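Two complexes, one shared chain (chain A), two partners (chain B, chain C).
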Partner chain A sequence: MVGKYADDPVWASVTPIPLDDGEGADALPMASIAYPTEYLEATSYLRAVMAANEMSDRALDLTKDVISMNAAHYTVWIYRARILFALDKNIEEEVAWLNQVALKYLKNYQIWHHRQVLMSSRQHFPSLPPKELDFLMEMFAQDSKNYHVWTYRHWLVRHFKLWDHPREIEDVNVLLKADVRNNSAWSHRYTLRFGPRADNEHDAGMVNAGDMSTTPAEKGVLAVVDEDMIDAELEFAQNAIVRAPENRSPWWYARGVLVASGRSLGEWEEFAGKFVVSEDIVKSSHAVEWLADVYASDERKGKAVEMLGLLEKYDPIRKNYWDYRVKMLDVSV
Partner chain B sequence: MASQAARPGIPDLFTQPPPIRDPLVTETTDLQDATLERCLPFLKGIHNSQSGPFNACGVPALQRDDHVAFAYDSLEDYPASFVILDASRPWMAYWGLTSLFLMGEDPTRFRERLFNTLRPAQNPTGGFGGGHGQISHLAGSYAAVLSLAIVGGEDAFELIDRQAMWQWLGRLKQADGGFRVCEGGEKDVRGGYCVMAIISLLDLPLELPADSEARKAGLENLTDGLAQYMSRCQTYEGGISGSPGVEAHGAYAYCALACLALLGSPEEIIPRHMDVPMLVSWLSARQYGPEGGFSGRTNKLVDGCYSHWVGGCWPILQSALDGKPQSNGPPATTVGHLFSREGLSRYILGCCQSNNGGLRDKPGKHPDSYHTCYVLAGLSAMQHYHYRTDSSPTSSKMFSSAFSWRSSPIREGNVYEKSDRLEPIHPLFGVPYPSADAMRLWCEARPITP
Partner chain C sequence: MAALFTTERHVKYYLRCLKTFLPSAYTSNDSNRMLLAYFSLSGLDVLGVLQAKTTPEERQSYINWLYHCQVPSGGFRGFPGTDFGEERRTVDNAVWDPANVPATFFALVNLLILGDDLSRVKRRECLQWLPQLQRADGSFGEVLGPNARIEGDRDLRYCMCAAGIRLTMAEWPNPLSVNLTVGIPIGSLDFLRRAGTDTQAVPMLSPGSEKFEILLSWLASRQTGELGEEEEEDEEDDEDDETGTSVLDTQPTEDVTRSLEEKIIALPGLTALSTESIPCAGFNGRCNKFADTCYSFWNGATLMMLDRYSVIDDVRNRRYLLEKVQHLVGGFGKSVGDPRVRQKTPYDTFSGEFPLLTKPLPDLLHSYFGMVSLAFQGEEGLARVDPALVTTERVVQHLESLSWRS
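Up next is the complex of A and B:
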């Protein structure tokens, strides 16, 4: 065999393990790939050093080479992380390299798990590295709703206890100012304001979730409420709604805020009513749904049915759901 | 073209922009408007790439022959530029085999080829990786087990080292109830779903192996704390995220709901761990008009693959709302379909068919094996009513609900033709119904001793 590795004295001691693609005399493998020669060679050396559990500089270089040809190769990322820590490598340098890779492969998720593995080393990162949030904003400039990046950012908040770090809410505000419909940013905002924080509590989308002493309906209800914060968040949501009333995100965020505070949706009856002027002038289907829920909750069933009827006109694709809601009200119509 | 008249038979709902549109323009509305603009000619049945024939509802026929050819081709050789699929070989097999089954082809002809493909991907320490020399991964193992179920037969089941698989699952279990997708990998709801599908199909012991780290946290079973983990993934929007605290997402919602429906009876376990009214509302909001398709998240675009991920949540939730099964047949009363079957059927047949075969995310996107499988699975789910019964072939009490599902074709309210009918697949396992039963029963007869 000739090639980059076969010809390199550094690799002379390694016997590569060639690919077993399942090619038998009886039948061909399925969905086989005409692998580039360089990839075949590099991965045959990868199998050999992994089988020997080798923690070395040459193996580290090899992982980078394989990643450059296939960043979706999850195995090589996990092996790379192990080598980096085993050899006590410069993790800051690794993060700097990773930034470039992340910007090149925007949809890749292995990169973000790798970053989390690196960042979770308290020895290397006792606190949030100063440029970290800037880099995440650079990623959001490419794709402001990138699920992997938001998942990572959520992890970062919990790991470094950043709920009240000024940059967190600032960045959310910047992103919502650019696009008030960025639901990922709204979701992150909820975590900052209402997510569970205690060390002895598992992470969750809402407090009380997964706690068998409470019911699912109690999810998200805070034990201690900062009314000023609640009012400020409700005002923030209202301002967003006024800019674009048919935007689902702030309406549902506001529901989350009210649930957290133990206050009722009825508080917004007047506000929601502003967007439902008449049967023919409706500015927001979410306002109609809000009113339907308010009416249903305080036994004004006739009015709730009326609202659900309006929704069949203003959000017609969901007709079966609105019909079901009417049925649940248990009234004869 | 968008202003051109639609074919006859198409309601305005599917040809006109939504009734309420905000004047404020942002990136989200730019993308949404562009998508709508692209979809409208397809929804109206007037795009020059659509081959038809169109039926009286203005819906084009399923180009079955082209899609069958695409699916067969998806199981053959790929050029060097597809090297990024190297870690997804079991997935490629699963997507192709499932697509073929859905369209009435016989996937068992790939038995020998599948065995040859999967053998080198299985690790002696348990589980399947993406290919030879790759560490075992729950996604790859799920796809491998499902593919083997689809081709079926003793040699398919024997190929799996179930004892080692069970040991390996024990190493992935986490103290908080969730699972890592591989050793050293991330923890998310996919892991929990894949584990429950694997355990239930292969009849693996529920107890944790003695060497499992999770035992140190007081856990005894692979299933301990898993439902609570899923509960922690519900968000203030009502939907379910990939891991606790992140944004609600349709694909993860399916994984979480299917996982719960494998852990217990939907009518008991789902209301115990999820705020159901919020969940139903969020799921319902995933369908957009006029496109008719499903989006994965609030303020994101429709994508054909959510026909399965979001579409697949509906039979599970509807069954939960229908309550405990009382007979060996369909329930006497049902909440019915809580979304628009017509809308999704129109989106799939109108917008997701690529004119050279294969199915796609949306017009303007290339078809691929993943979308072909899950768009077809979505169409199939629109055509069959899936319900649970009070009888189950398994002797396991734990999994009696999971194996009690049945299906029957829906004959009314369809906008597609009889010739567009696809085969049904199991709502929790994503394989033919008899395949799931056969694998389970074969394994039950050969129990693994912990």
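Up next is the complex of A and C:
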């Protein structure tokens, strides 16, 4: 075999293990890929060092090479983390390298799991590293709705208890100012304001959600309510709504806020009503839906049906759904 | 002219994926080969041509490859790449060649699609391994790492795959201890229900309950006419006003001089929409995202399992799939708006790497999920697909007919 590793004296002591795609097992390989020769060689050496359970600098370099060709390889990352800690490597350097990899491969699960493994080490990171949040904003500059980055940030908030860290709400506000339809930013805002904080509470996104004994009605409801904060959040949502009334995010956020505080949707009947001037002048379909829900909840079925009829006009993609809602109201129209 | 489902081209696409090398660009998907194999096999099965287009010898050789991916200690690996040979395997290094939860599920499904009776599956070992992957909060990991540490994200799909393995294996040494309130996907619930686990206590599954109806509302609102087409993003284009979708929203800078009341009064009314104004509507996975082919499947399958598929607009979904993301060479692409075109920022050191594509290129995942979405809607020429196992009903019947299960 000729190649980068075969010609390197550092690797002279290692016998590579070629890919066994089942040829000896009378098998026809499935989903075979036209692998580049560099990948075939590097992974042959990877199998060899893994078989020897080798914890070395050369193995560490090799993992980097394999990751550059296949960042989704699920054992190479675990192996790399193992070597890093076994050899007591500089973890901050690892994070700096990882930043570059994350910027290159925006959609990847393993990169962010690896970051979480590193950041979980209390020995190396007893508190939030100063540049961590800056880097996450760098990621959001690429894709402000990146699922992996938001999931990681959510974890970070819980791990370092950052709910009230000023940068968290600041960053959310910056992102919402840039794009008021960024639902990920709205979700993060909910986590900061209303998410579970207790160490012993599973992170199911909302309070009282991780315990079988709580009823659905108790989910997301805060035990202690800061009414001023609730009012401020509702006002924040209203201001966002007038900026873009067809943006569903703040309407849904407000629902979450009201549930958390144990208050009812009816509280916004007047506000939502301002967007529904007449049958022909409707300024937000979400306001119409809000009113339909309020009317349905207090038995004003006729008015609810009227609203659902309006929705067929202004949100026709969901016509079948609005029809279903009318049927569920169980009224003879 | 209405677009058609180009059956022959799709058959060719899947055959190419199954029988010839996938292009080098798939190298970054090497560890997902078991999944790619599933898309290719099941794709041909949904098209009803698997038996005709493969020989019994080929099918047996594929079965042999799948068993070649079985880990000696139970479960399957995602690709042969981690296998350094059984003769070299020790207690110490076995951790680098682990069984993988989603790969195990897809390996079992692949075997069933090929007509295997699962007799060579190390069932006892598999069922001893699987519960070790479950965390205290109910979630499942992907693989077991050093010191039996559960590795992998808290990804709901792992939970679904674990429940699928349990259904396929038909027995369980201990009851599956799943904390059902911690975001368990509907697919898992469906598996557990079929496997005889009592799920009546789960309010989400009772039609008419508040949680069920809220979930339905969420699923219905995943359908969107916002596809990310170029003209939609062009703010100076008046077309927005004609389409009347929410892209017409303006985002003026905050005006502190006017009251909220005054601002609402100043807002324009929406334009009532006709059928013609939104011909196509796909699905997204999160609020305010553009349509993405695979979400026609994820949302559709969930609604199938809830027996509420009829709440969505199947006509617009079909038109989205056939007119917007079906590719000339067969297969489907991910979305109309190329997600790989990113804003240029000071941090973007990779600008120019991703060319602007006018038509999305097909890939196996979106091809399969796009087609299954059409199968749910009864597209002519496609077999009926089970929404939980995501295989043809023929495969489900084969599983149920296996003698060792009864």
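The definition used in the following text is that the second predicted complex is superposed on the first by the 326 of 333 C-alpha atoms of A that agree within 3 Å, B and C clash if a C-alpha of one lies under 4 Å from a C-alpha of the other, contacts with A are read in each partner's own complex, and residues count from 1 in each chain.
Keep this in mind: a contact is a pair of C-beta atoms (placed from the backbone, for glycine too) under 8 Å apart; a residue touches a chain by one contact, two chains touch by 3 or more.
The structure displayed is predicted, hence computed values, not measured ones.
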Assess the superposed three-chain arrangement around chain A: do chain B and chain C clash, or do they fit?
clash
Quick check for you: in the superposed arrangement, does A:Tyr324 touch first (chain B), second (chain C), both or neither?
both
Determine, under the contact definition given at the top, whether A:Arg158 touches first (chain B), second (chain C), both, or neither.
first
Based on the superposed arrangement, let me know which partner A:Glu138 touches: chain B (first), chain C (second), both, or neither?
second
On the A-aligned overlay, A:Lys89 touches which partner chain: chain B = first, chain C = second, or both, or neither?
neither
Should A:Val180 be classified as contacting the first partner (chain B), the second (chain C), both, or neither?
both
Please indicate which partner A:Tyr190 is in contact with in the superposed arrangement: first for chain B, second for chain C, both, or neither.
first
Using the touch definition from the top, say if A:Pro245 reaches chain B (first), chain C (second), both or neither.
both
In the overlay, answer first, second, both or neither for which of chain B and chain C A:His73 touches.
both
First, second, both or neither for A:Lys313, with chain B first and chain C second:
both
Chain B/chain C common contact set on chain A:
17, 19-22, 26-36, 39, 43, 47, 50-51, 69-75, 78, 82, 109, 113, 145, 147, 151, 180-184, 202-205, 209-212, 216-217, 243-249, 252, 282-285, 313-321, 324
For chain A, which residues count as touching chain B in their complex?
17, 19-24, 26-36, 39, 43, 46-47, 50-51, 69-75, 78, 81-82, 109, 113, 116-117, 144-145, 147, 150-151, 154, 158, 178-184, 187-188, 190-191, 194-195, 202-206, 209-212, 216-217, 219-220, 243-249, 252-253, 255-256, 259, 282-285, 289, 313-321, 324
For the chain C and chain A complex, residues of the former touching the latter
17-18, 21-24, 26-34, 36-37, 40-41, 58, 61-62, 64-69, 78, 80-85, 88, 92-93, 96-98, 100, 110, 136-138, 142-143, 145-146, 151-153, 155, 179-183, 203, 208-211, 213, 216-217, 220-221, 223-225, 245-246, 248-252, 254, 260-261, 263-265, 267-270, 272-275, 278, 281, 286-289, 308, 310-313, 316, 342-343, 345, 347-350
Chain B residues touching chain A - in the complex, by the definition given at the top
13, 18-22, 24, 26-29, 74-80, 82-89, 92-93, 96, 110, 112-121, 129-135, 137, 176-177, 182-186, 228-229, 231-238, 241-249, 271-276, 280-281, 284-285, 287-290, 292, 297-300, 335-340, 343, 369
Complex contacts: residues of chain A adjacent to chain C:
17, 19-22, 25-36, 39, 43, 47-48, 50-53, 69-75, 78-79, 82, 103-106, 109, 112-113, 138, 141-143, 145, 147, 151, 180-184, 202-205, 209-212, 214, 216-217, 238-239, 242-249, 252, 274-275, 277, 280-285, 313-321, 324, 328
